[in-house]
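Presented below are the structures under discussion, each in the form of structure tokens.
In the two complexes that follow, subunit A is the common piece, with subunit B as its partner first and subunit C second.
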Partner chain A sequence: MKRFIGFVKKEFMHIFRDFRTLIILFGIPAAQILIFGFAVRTDIKNAGIAVLDRSKDEISSGLISRLESSDFFILKQNLHSGNQIDSSFKAGDIKAVLIFEDDFGKRLLNEGSAHIEILADGSEPNVANLVTSYTRAIINDYMIEFNKARGSGAMVIEPEVKMYYNPNLQSQYMFVPGVITIILVLICALMTSVAITREKEFGTMEVLLVSPLKPIQIILGKVTPYFILSLIDVIVILFLSWLVFNIPIKGSLVLLMLESMLYILLGLSLGIMISTMSKTMQQAMFISLLGLMLPTIILSGFIFPVEYMPGIYKWLSLVIPPRWFITIVKDIMIKGTGFTFVWKETLILVFMTLVFITISTLKFKKRLE
Partner chain B sequence: MRTILYLIRKEFIQIFRNKFLSRAIFGIPIVQMVILVPAVTFEIKNIELCVVDKDMSTESRQLISRLQGSEFFLLKHTTFSDKEADDMLHSDKCDLVLHIPQDFGRNLIREGNQKIMVLVNAINATSAQLAWAYMRGVLQDYNSELVVQNLHSTAPSRIPVIETTNRFWYNPSLNYKYYMLPGILVILVTAIGLLLAGLNVVREKEIGTIEQLNVTPIRKYQFITAKLIPFLIIGLIDLAFGLLIGKILFNIPFNGSIAILFLFASLYLIAALGLALFLSTLASTQQQYLFVVFFILMIFILMSGIFTPAESMPLWAQKFNLINPAAYFMRVIRMIMLKGSGFNDVLPDIRGIILIGIGTISLAIWRYRKTV
Partner chain C sequence: MTSEKVIEVRNLVKKFGSFVANDNLSFDVYRGEIFGFLGANGAGKTTALRILSGLSRPSSGDVKVAGYDIYRHAERVKKHIGYMCQKFSLYEDLTVAENIMLYGGIYGLPKKLIETKTTKLLESLDFTAYRKRIIGGLPLGMRQKLAFSVAILHDPDIVFLDEPTGGVDPITRRQFWEMIYKASANGITVFVTTHYMDEAEYCDRVSIMSEGRIVALDSPAGLKSKYQSRSVQDVFVKIARPSNNN
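After this line comes the complex of A and B, so read on.
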């Protein structure tokens, strides 16, 4: 045991000696939380639009100024003919064009209906969808007021909405659990796989193996410092998101930390598994960065909700560990639910960890023979 | 010139001698493109709905059947109990709860208005907003239908409505593959370029072979060029593979000029590889380099508008994107592929990426020391 502690100490010293890596280790999560919190948004704000107003009457200009005054849109261009649409889309400044038909206001008053066509740039489907539905909503609101002012529209359903768990619709509620999940698994897998293959590549692994330490002690010794560092990362992220974005932890902090430890263990054993499969550091880096980064970002439900994925991908996402941990973090942190709501996800993570460890031990033994 | 050619040959031999690496640089992108491109849709359909109907009138039933008929909603459950509905929301069994109060139908017709409560699970703010927008749409449609039904009995005047239709240009059916393929391609090409080029140099440092290069009469610019060109070629080949996969497998249109795209991609890769070489002069071990690249890659990617609209970001973030090469490539590849934008449309971006390229290459040459 004393030997083991000595070994862990040595590993710690190795890590702390490398100041640059250490800064980045804590810099990555902090920077990500700040970027996601302050910069990246999934909804639209200040999207450029253009208007082709063939009527130019009181009602159409009223509606246009209503659109302009919303936070969502900025009126970038007033087009004069349909030929200009393609070129202004191609220049890339605008996301949608609204076309008001001839005699828009007259038709609305005399015939009781008038027509607006919304053309959206489909090269960003998400934005196109949002722009279209926000425009519709603004037009509808405008009409309700318009009709009220004229004293018609006798009957109105007034829907009221309550946004549960996230009343101000902050996108950080989505991103904080996502960042914790992605960063932890990537950092853990990267660090351990690189640290272990490094010893292999430089031949120092053999030195360690002939020492009186058992292989399991060597691996544990390599992994322990990273376990502690990752745990500090979790605390940094949670603290920052509370301090800067006011995201409280509604559920039990202890439970959240325990779950995080489990997840870190999973990441570390994934890293060990990768290291048993790769001969050189470069190999380990390619597998754990290039191989893991995109699948975890895309399939975990971090940015794209899993529920709306096509059938096979829902199945595929079941084997992606971050997917389960994201659910756990959201449940505990944001919804404030207890263990009874997340035991299933927890069991799945335990199972996955065991699988990684089993595969690594099998591979590791073979290598020693 | 001949020195450079020899050095480039040396690099290629070294890369392709490494079995894992030579497979990974083409295999990983191809596999990930094939698997990940079709994964994403943000198409919100089948929003799971729970209705608390305390009214059970003709009107409330009409409204519910309206919702059932809409392609956006999937009626999961109907109940009388508020608590049951809350529990369903809590345990993720539904996304949205609609409360129809008692006397909904009667109040609506007699008093002309009636409040109705909608609860949305808003952890994902975007899908919550969309779900709410769809719900409002259905409610409004139903509302105007009711008005028409009761027209003869109450007000004689017609109520004006604005009809809206919409079309999506360049991608009429809002196929998400059109959007994801260029995005994933940019990430993969960037990641491979940054990793390969930088690790290559740092590895030479770590195992000491760089000193052998340093004592030869190779000049700085020759060294940098020789380290740049092989990875530029590999990046362009990866790009070509990706575009082919898009064309053959996913039938994604390519509306613009391939020549302009490859021209831009080359400029982009030069800028990115210059950055890689610069960073490699700062790191002394592969591990250090890896973490620096991981850090920078994440920031570049996430801020570039690959998965989220870049225009929604605050001004400072958009200013940052002026020095973010990935943001340029992201914009340009989508413009050229999907919209068929021409040379003049992307000219400002070409200027920007050339400036970045000059910056990173100069930094790399300046920092690279031939002395120990």
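After this line comes the complex of A and C, so read on.
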């Protein structure tokens, strides 16, 4: 054990002495979170909207002019039928359409409630969210004043929010799960595969193999620092996204950390596997970048939702570990679901980890023969 | 040099597919001797050295190193051997003292002992001023001498050197061989592969390999009288000529 600890200490020294490694470890995660975070706009001004007023009564036009007079919205179009919605969205200068039902005012007065449909452009999830919540707030204010003025019981307008395009608002806050997923692959697989092949290339691996250290100790000694530092990275990313962007973790933090550990293990075993396949650091780097980084970015669902991928890409994405991890993080962080909802994805990751470890072990044994 | 065998090899065969890298090798190495392993590139000397040091497994044959069977007691063998390969084997981004501490720790030496050994070792090499220097900044000859000292830090029974003086200037090579003599005088058996024929003259016994087989094994003087040559170089040219001319 003492031998092992000495060996782990040496690996930490390698990392802390190499400025570039440190930047990759801590600079990139922070930079990515900040870049992605700030690229997502956090307020709106003069967003174009259209109105389809099927009722055209006093109350509906009062609400419309209230919306119009706010700084947030500009009324671009008055639509006359539902058929026009599609073309006005496609024209692109509106972010939402407000649809007042037939006899809106009458229903409100007689039945105490009436419906407004807020149809927002879901292709820009963040904007869509802001538009709908601002609209709701204005409708709310309007009704409070309206009820006050009438001095009688509370009447409610029930806004019904729908998304045109992207109905589930796929990429809302998606950048946090996405960044975690990419960073962990980068650190775990790329950096460990490079760190291990470096020993091979420099000839120090042979000296280690001749020594009383067991191969398993050598490998564990190489990856333990990366395991610890990756976990710190997860914490840094979650903390930054909470601190700077107010992105909360809805589900269990413990579960999220456990799943992250599993994914880190998977990344490390992938890194070990890559190192058994490559002779030089450059090879390891190429395999990691082309074989992991690109698929992670393109096929994981981070940028392009998996649901809308053409057939073959959808199938390909099934074997990409990040795709499953991104789902897990999204479910826990954003939807706040528990283990019962992510156990399938978890099992898939466990299975993949075992496969990578088996392949690496077999390859390693073969090399000794 | 005693008659105690520290390496016993009987009928060692190593095949890579259909290629026979080691063809039925049998030899003994005695405690404290400097045993030279000569051969052209591809003659199979590195393969044999890798098997003896546990980096590779033989296809068949019996091998005992430091008294232990390499099949059944590979872990015990490892504690009793040191190794230095062609490539430089210290960590370039660690300091001299850190490298020594690391390898000492890997071989299970107590920290205090490593520290006293470090001081003694650096004094004998006249490197005391370089204790806290990063290895990467030191000249090659100095690094090789350090690497050798580190390889025998744990006082192994045998140290395996795979072309240790490749690319080193003649003066440093000379100093390096002085270190080898000193280790041998302290009872460490030195098993060394080399292409330098002048180095072969320094060995107690020399084995010459060609195409996977040992074609000669004797003391340099014995070889020279048997083949009526003036130097080991001449002996080598006479007998170690591979048929396919490489």
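Methods note: the second predicted complex is superposed on the first by the 235 of 369 C-alpha atoms of A that agree within 3 Å, B and C clash if a C-alpha of one lies under 4 Å from a C-alpha of the other, contacts with A are read in each partner's own complex, and residues count from 1 in each chain.
Please note the rule applied: a contact is a pair of C-beta atoms (placed from the backbone, for glycine too) under 8 Å apart; a residue touches a chain by one contact, two chains touch by 3 or more.
It should be emphasised that the depicted structure is a prediction, and the values quoted were computed from it without experimental measurement.
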Check the residue A:I216 against both partner chains and state whether it touches subunit B (first), subunit C (second), both, or neither.
-> neither
Which of subunit B and subunit C A:L347 touches, first, second, both or neither | neither
Check the residue A:G122 against both partner chains and state whether it touches subunit B (first), subunit C (second), both, or neither.
-> first
Does subunit A have more residues touched by subunit B or by subunit C?
-> B
First (subunit B), second (subunit C), both or neither touched by A:R17 | second
Is A:V319 in contact with subunit B, with subunit C, with both, or with neither (first, second, both, neither)?
-> neither
First, second, both or neither for A:K330, with subunit B first and subunit C second | first
Going through subunit A, the residues touched by subunit B and also by subunit C turn out to be 18
Using the touch rule from the top, collect the residues of subunit B that touch subunit A in their complex.
-> 18, 20-21, 24, 28, 32, 35-36, 38-45, 89-92, 108-109, 112-130, 132-137, 139-140, 142-143, 146-147, 150, 154-155, 157-172, 174-176, 178-179, 184, 187-188, 191-192, 195, 199, 203, 283, 285-288, 290-292, 294-295, 298-299, 302-303, 307-309, 311-314, 316-317, 320, 331, 334-335, 338-342, 345
How about subunit A: which of its residues touch subunit B in the complex?
-> 18, 20-21, 24-25, 27-28, 31-32, 35-36, 38-48, 85-86, 89-92, 95, 108-109, 112-130, 132-137, 139-140, 142-143, 146-147, 152-167, 169-171, 173-174, 186, 190, 194-195, 198, 278-283, 285-287, 289-291, 293-295, 297-299, 303-305, 308-310, 313, 316, 327, 330, 334-335, 337, 341
Can you name the residues of subunit A that touch subunit C in the complex?
-> 2-3, 6-7, 10, 13-14, 17-18, 202-204, 206-214, 368-369
Parts of subunit C lying in touch with subunit A, wherever the complex brings them together | 53-57, 75, 78-79, 81-94, 98, 101-103, 105-108, 151, 160
